[in-house]
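Note that subunit A is present in both complexes that follow, paired respectively with subunit B and with subunit C.
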Partner chain A sequence: MKSNRATSIWIVLLLALHVMVVFAGFLGPYDPTEQDRKSPYLPPMRLHLVDAQGHFHARPFVYSLTRREGAFDQYEEDTARPLPLKFFVKGARYRLLGFVPLRWHSFGTESDRIYLLGSDSYGRDQLSRFLYGGQVSLFAGLLGAGITLLLGLCVGALAGFYGGWRDDLLMRLAELFLALPWLYLLFALRAFLPLAVSPLQAFFLIIAVLGTVGWARPARLVRGVVLSAKERDFVRAARGFGATGGYLLRRHILPGASSVLLTQAAILVPQFVLAEMTLSFVGLGVPEPVPSWGNLLSSLQQYSVLVSYWWMYLPAFIMVPFFLGYLGLGSRLQQYGEPYKIGK
Partner chain B sequence: MPFLLRRFAHAVFLLVGVSVLAFVFTVLAPGNFFDEMRLNPQIAPETIKALRTHYELERPLPIRYAHWLSSLLHGDMGFSFAYNRPVAPLLLVRARNTLLLTITAMFLAWGIALPLGIWSAEHQGGIPDRMVSSGTAALLVIPDLALALGLLVVAVKSGWFPVGGMISVHFESLSFAGKARDLLLHMALPAAALVLSVLPLLIRHVRAAVAEVLDAPFLLAAEGHGIPRGTVLYRYALPAAANPLISLFGFSIGTLLSGSLLVEVVMSWPGLGPFLLEAILARDLYVVIGGVLLSTLFLVGGNLLADMLLYWADPRIRTEAAS
Partner chain C sequence: MATTGANCFLPRLSQGLLWALVWSFAAPIVAFPQQNNSKEEFLVLPGETGRFGGRVVVALRAEPKTLNPLIAADVNSREVIGAIQADLVHINRTTQSTESAVAKSWKISPDGLQYTLVLRRGLTFSDGYALDADDVLFTFRVYLDEKVHAPQRDLLLFEGKPISVRKIDPQTLVFRLPKPYGVAERIFDGLAILPRHLLEKPYEEGKMGQLGTLATPPNQWAGLGPFRLKEYVAGQRLVLERNPYYWKTDAKGNRLPYLNELVFLFVPSADAQVLRFQSGETDLISRLGAENYSVLSREQKDYTMVDAGPGLEYNFLFFNLNEPGEKTSAETPQKLRWFREVKFRQAVSAAIDREAMVRLVYQGRGSALWGLVTPGNRLWRDDQLPHPPRSLDKARGLLKEANFSWNTASNGGSTLVDSSGKPVEFSIITNSSNTDRSKMAALIQDDLKQLGMRVQVVPLEFRSLLDRVMQTKEYDACLLGIVSPDADPNVDINVWLSSGGTHLWNPSQAHPATQWEAEIDRLINEQMYARTFEQRKRLYDRAQEILWDYQPMIFLASPDILTGARKAVGNFRPAVLEPYVLWNVEQLYLRNDAVNASR
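The block that comes next holds the complex of A and B.
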């Protein structure tokens, strides 16, 4: 029971985080590509409850930042201009879940722009970019893992169930894919695809690449499960009653692989999110101005940004709970899946 | 030695297979190095056509592959369009740097993981175990990219370590000791990032493997004979737990190579990583193939080494091979 509760806690945490990202348009105050050239590299604004005169306000507020005399990227709080935080404000248009057109944002201000996570070199809101970037990175990871597992399931079932030359061929091919360090494999596959593409094309390209990179390991695991399951008595009995191969696989054999697949999913998704981040970080992934967690960090490749604007590093911290969630869920599932665990 | 021979034949098969696969993919790939030239009005289409013919891009795949193989045997590994010279010498310098970094990191990582893993296996459920396992969990959830960038911030802010590159500008003028010091200082950060990225994996496996043998009767007997704890752990328990760890050693090489690709790019270590990236962006076909193949060679070589170690460490494999 206790371990069941722990599992559901991880699942709830992950669901909450993903819902946050899905509702990026509502939660984030601005459009992620909206620029404000007058305020590049604005540090995160501090939320206050007590103003400079010592008065308490129930409504949190920030002070708008003004540029320090003679500096181009140094700002200080202008205590004469408080910006009270407003909830459910009308702002930039966006499409909730991709199709519901809305203008409501969870919070915002009435006059100046508010930057709770600071702004980047174009004065774009880092918070909005982080949330929208999560859509790209997380869904690339999720879809990539889905494709990988589907591929692995098919290949593993085919190899394990039918055996013979199919098994030999598929497993040799799997060994070829495992013989490459996986990041090199990822880069190599990306190298063979077109470089200059639109953000949407890039997104699907990445998913395709991710989907093809990782199939070998799940395929081997599924094959192991199928091999051991197909000699079980209930499977033989079903075969004796005249069940066809497809029916046997679908009804009796592959359900046994579900725990292996779930565990693999919990391992693969964060790995693929990292892979997307790596590709976008080095400029082979989703291009600007569309944000992704990878290209959010890519400005840090310049040492000057790395040293002077610490908040550009914040996204790296905020994404930790996502990885924590997947890691926790993965290790939980692994404990469940132990009886099915087949050695390498 | 049929076992080792079999493993060796398998390694050769993998290398050939990966090279064939790489060639097949290059045919499917849209765009190539000379496409950029087409946009340049100053270069006549005939020139590009002549260049393509010169580099045999117009010929069918099997012939290109055969030519590439013969060029490999001549020690060229094809021709780099961007650098206008054979690929092998270009690649080998970078590969040496990558190897220098990964091998150092590998020794460091195993050197840290073995004692820590054994220590936490010995105190299962105790405070040391919890400290180690929460440490590894923390390292696991921080993305490698963030870790490397974080170390970079520390380096830049503190000024303790040189940032980027492998040697200082005045490297040639230094004495031997000075050169070593310079190299070590440059290597410290990338190596640290690499070590930290593989450490959790290693520690967890060492802990699990040692914990499994720790209850064995022969260890109890050793302890009953009054053999010191350290000797029991390192002289008796560790060899008994070595089998899965040796397999992990082969696997860890792959992880390290992948990790070093990222670390090299972030910290501008002049290894295969940045070079491969540059080649991908320039569509420098043979450099990409060469880089991918070299990384395969390292991984396959590492696994072969692990097989040899296994053969040496586990008598069961030797007898199995003999019978």
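The block that comes next holds the complex of A and C.
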């Protein structure tokens, strides 16, 4: 029971993370592509409640950071210029959920820009980039997993239920796809496309490739479930009453495969998010300046960034609860949904 | 002087004995190395006197492709060859002017057509064979031979006619030019004098291109440079040793170089080079990016970092102005119409924030550019060239004059459209291996977004980028950089001339495509043969101004030459011309404690 509570916590956290990412435009203070050229590699600002004179303020504030004379990336807190945190401020335009045009942001300041997670080499707000980047990465994961599972379900059900040459053909095809090196497939696909691919095209290309390549494993799992289910007594009985193949699959067989699919989904989503990150990390993903979690991490390829700017690692750490959450979800689903438990 | 003579004599004697042994068994026909050390005419270098001994380790980004100066085209090969070979007349990397080298003096005839060069007496190749005028004759015969395909051949042709060489006596040669050429002595820089005794036979057999691989046995490769081949370990390092016959001495008359060994390590990435330098595995570092330079500067312990100032690298953006071919897509003619519009290019140039580029890409260690000549080129930069600050208003005005207009979208952003209502969208290709250029492209993308242009940045592998620019010509715009090997503008001639292969926006034209390109061709050709510096400068400045007016290349920024050396290395004086830290390798030495402690 105790472990169940732990998993619930992970799941709540996961939900919170998804909600945060969906409302990136509102939660993040700025447009993720907006460059603030006077503040490259600005470290995260610290939230204060007590000012330099020792006075307490109910409203949290940050001190504005000014660049040291002659330096490129050295900043000092200017205690003469406190920036009180304001909530529900008007700022850059964005579209909530993709279609509601809004200008309200959850927080911000009146004058200068505020960087709670620091800024990158172009002075772009890392917090906004992380939240918006999640939209690309998570959506790629969810959509990719969806396509994979749908394909896997169809192929697995067909192969398992009808058997014979169809089974042979589909399963050999699945083996072929299992052996396919998807990274090189993507390289090859990219070579056939026109030179400049818009961010949206690149995004759907990634999803399509990830989705189509990954179907083999769930298809084999579904096939196994279908194979055993179609020999069960209630299925035979239904067949004896004249049920058609489609009806049997829909009504009696596939519902048994749902828990397998859900568990697979919980495993596949983080896998695909990771795949998207890998692609963006090597520069094959969504092109800059659109943020994605892989793009955020790709600056860490440079030694100078690794040793100089610790806040560039933060996106990597924030991803940990995300992956743990999905793992927790996966194991919980497996626990509850063992399709035909024997002895309990 | 006396001590050095004795020092040199001993190894030479033992080597001579060895040679005698080897050759008596192997090749009795080959003559014994001629000795003529009686009256050597040394070149005396001023400057700090160093100590002998020790070795210096330098990292190269890749293995040099060859040691053969006739086929070397890559930076790494040139860097190694520079330490092994020597030229007749040399360009001093700090003063940027010519000075005597293997040739001790040169005279120009009144008509400017004839150069008389006198060789130093008593010079010897690194294998002990004497140098004479026949080696020089042979060298030029090979460089000029079409079948050899030497990259230097183009330098020796004047309007298609080759330079001719005649021997007067064993020390004197006369070079005759088909046309008077302002700075003919500069062409001798970098033309390594080849050892005839080693290369004549392979040359006559037509095997010149196969010579000089890294695996060449050290005794079959020789030069007049300060070092000679010692050992090559594939994939790891190339070791050069001191050339005991080198012809330069320090102010006290000690024969240079000071170092016993010069080691090149092959370290493939810039970051790995920084780590090696930090850990003390290498002694010198150059070709540093600004980020890595500041990482190294932050914790200087036993090394010093030197910003040698603005170099000769110029980075620029250019649009594809080629005639559309048969295979090009339907969009190309439309895009070509924008790109050919001078006001469009001027607007792009006005909208680019060059100061931000210098600050964000080079961390302030660089300079903004408005022309091809960088501030590092003291003699040739054109101070009259306008340096307008970034102005979006001016850019918008220019676009309006060229019949572009703006559509306002519902989300408040505006899109630039041309007279037929098509939104202005194009891509910029750049080489993916250069993070600086990718960053510049990202800044331009954001700059142009403010004009309502939709720009995409496509990083490409360098070869496929060159293929697109030079061969298939399928691209919209490209961001590239060129590093001039010399301060004299004639090295960039192929960029200027419309017939040039690196006339990037429209290379290798049969006839100049535009009036202004024809005018640039005329000015550049005229300055090549002008007699005085003032004349040349005036013509060259005019060509730069035309380039500025028409903006076929939109110049962006130029990085400083950033270098570093271990504190133990003496005489470290980085230059802004290549090779940045090894140009005075014969004078580099290890200070007192370092020699004892090391190796």
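Assume the second predicted complex is superposed on the first by the 308 of 344 C-alpha atoms of A that agree within 3 Å, B and C clash if a C-alpha of one lies under 4 Å from a C-alpha of the other, contacts with A are read in each partner's own complex, and residues count from 1 in each chain.
Convention: a residue touches a chain if its C-beta (ideal position, glycine included) is under 8 Å from a C-beta of that chain, and two chains touch if they have at least 3 such contacts.
Predicted model, so just to flag it, every value in this text is computed and none were measured.
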Partner chain in contact with A:Y313 - subunit B first, subunit C second, else both or neither: first
Contacts of A:P40 with subunit B and subunit C, given as first, second, both or neither: second
Partner chain(s) touched by A:S8 [first = subunit B, second = subunit C, both, neither]: neither
Which superposed partner A:Y303 touches (first subunit B, second subunit C, both, neither): both
Which of subunit B and subunit C A:E175 touches, first, second, both or neither: first
First (subunit B), second (subunit C), both or neither touched by A:G283: both
Most subunit A residues touched (candidates subunit B, subunit C): B
Which of subunit B and subunit C A:F323 touches, first, second, both or neither: first
Partner chain in contact with A:L195 - subunit B first, subunit C second, else both or neither: both
Shared subunit A contacts, counted only where both subunit B and subunit C touch the same residue: 194-195, 283, 303, 307
Subunit A residues touching subunit B - in the complex, by the definition given at the top: 172, 175-176, 179-185, 187-195, 274, 277-278, 281-284, 294, 297, 300-301, 303, 306-307, 310, 313, 316-317, 319-320, 323-324, 327, 344
Subunit A-touching residues of subunit B, taken from the complex the two chains share: 10, 13-15, 17-18, 21-22, 25-26, 28-31, 137, 140-146, 149-150, 152-153, 156-157, 163-164, 247, 254-255, 257-259, 261-262, 265-266, 276-277, 279-281, 283, 288, 291-292, 295-296, 298-300
Subunit C partner contacts - residues on subunit A that touch it in the complex: 33, 35, 37, 40, 70, 72-73, 93, 95, 101, 121-123, 194-198, 283, 287-289, 302-305, 307-308
Subunit C to subunit A touching residues, read off their complex: 271, 274-275, 289-292, 294-295, 329, 353, 356, 359-360, 363-364, 410-412, 426-427, 429, 432, 435, 439, 442-443, 445-446, 456-459, 468, 474-476
